[in-house]
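Input: structures, listed below.
Two complexes come next, and they have one chain in common, chain A, joined by chain B in the first and chain C in the second.
Up next, the complex of A and B:
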């Protein structure tokens, strides 16, 4: 069976990997500077995450990190894991684990009051 | 000089093996191909390898030397660590000794339609280009299809039947970049695929080994940029 043309896919994943990397590259130094403002005890760290805009920025970071990691893993699976069932299972497994991590991150961030 | 050369003769039934050769040879000013020819002439006439122009134009003597894909005819003997280990290009089937089956490589080359597609009526003389339009093709047309880049690419090693490889993608971009070509959209359609194009992770092995000093990674980047422009 022959494909007449390309799958017209791949560009979105490639762009998303770059967009998430750009966000992380911007977020990390800014957050580092922000975190260095106060002390390094528990109360100060907890206080860092109280403003809503910080919660949103950190959550976006978690989204970017997990999306980036999932796309990277998918690339690795396409390169190295050739049996289709095993590859789909791995992509699905990590998709579920990462989605769970994301929900967990929301729960942690918004439990702070 | 000491050489260790990959030998395989499918008709003998023996498994592939490395064979050592020692030959009196003055390396100064000589290329690797000179030594291979000398070994074939004086030590072992059964040693098989491809060569034609012996000056880096035909692209037929791509081999893997001390772990690096090179053209034997333009690789100086001086400075190579002995024993000089010569193997066929990686990942392609071996026909005999250093001769590989380039079928897969050419199939990808054919797939990118490496010719001008222009449906306008034939002009009286030629299809003119401005010097700027012509300059777009520099760094692309020089490719001699030796296969050094594609067989140095791990993405090609893992998916040789699906990933087009740096050489075919560079050739594909050569016709996308040509102001006289009218099939840019169809070419981009063909390439936009998780395997054909997006197996490239930009590790630049192709740039590292290209004996003509070309930059397939840059060409692939330009294809991706065109895809983004088209989509957004």
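Up next, the complex of A and C:
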């Protein structure tokens, strides 16, 4: 069972938390400037997400956000939720919820034509 | 042996500013994580139809929406700036006491000021 919660996985999580943070820190200001170009109505808001490269960049943002959120919550559960079964259940529950959110994000973005 | 006080009375524990910024980084991260599905719902509503967009816009333009956006805005700004501070530590910047205290104050103050700027100048 050495690898079930071994040090390497901790390092991977640590690195992924930082990589996702870096992507979000770059994406958010750029997207904010991009979004400020248009007006504040439905057509303009919808039009922002029509180009394929925007869909891809926003979806990557969703991946980064969900991975970052899951790693952070897992860290909090490890610190404060001590009964192992409850802790693993919470980590699993949020894994499922966030995986569903990712599929939902794909559906939202690619339903726009 | 010195007698050191041992207590976990949250009202009497005095955290240094770095500790305050750190626990707020964690608390804002937890709240933002729990909000992700709600934000995704609002996002989908705003895009699925013109009526949905009007509903979202109407809600966010109201008093409760303003309060919510201001608080979530502060949480995002604080988490963002405190995260940049931690990335600095990772590459060895600002680990000495004086710099760490200065960047902690900078993080806390800038997050509040920027959130106030958004709440009172951008949103209305």
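The definition used in the following text is that the second predicted complex is superposed on the first by the 104 of 113 C-alpha atoms of A that agree within 3 Å, B and C clash if a C-alpha of one lies under 4 Å from a C-alpha of the other, contacts with A are read in each partner's own complex, and residues count from 1 in each chain.
The definition used in the following text is that a residue touches a chain if its C-beta (ideal position, glycine included) is under 8 Å from a C-beta of that chain, and two chains touch if they have at least 3 such contacts.
On a predicted model such as this, the values are computed, not experimentally measured, just so you know.
When the two structures are aligned on the shared chain, A:34 is found in touch with neither chain B nor chain C. Of the two partner chains placed by the overlay, only chain C lies in contact with A:73; chain B stays clear of it.
In the superposed pair of complexes, A:92 makes contact with neither chain B nor chain C. By the touch criterion defined above, A:110 lies against neither chain B nor chain C after alignment on the C-alpha atoms of chain A. Contact with chain B, but none with chain C, is seen for A:9 once the two complexes are overlaid on the shared chain. Between chain B and chain C, the partner in contact with more residues of chain A is C.
The touching residues of chain A, counted against chain C in their complex, run 18, 21-22, 25, 28, 40-42, 45-46, 49, 65-66, 69-70, 72-73, 76, 94, 97-98, 101, 104-105, 108, 111-112. Against chain B, in their complex, chain A makes its touches with residues 5-11, 13-15, 75, 78-80. Contacts from chain B toward chain A in the complex involve residues 154-155, 158-159, 186, 189-199, 201, 224, 227-228, 231. By the touch criterion stated above, chain C contacts chain A in their complex at residues 26, 29-30, 32-33, 36-37, 40, 43-44, 46-48, 50, 53-54, 57, 80, 83-84, 87, 90.
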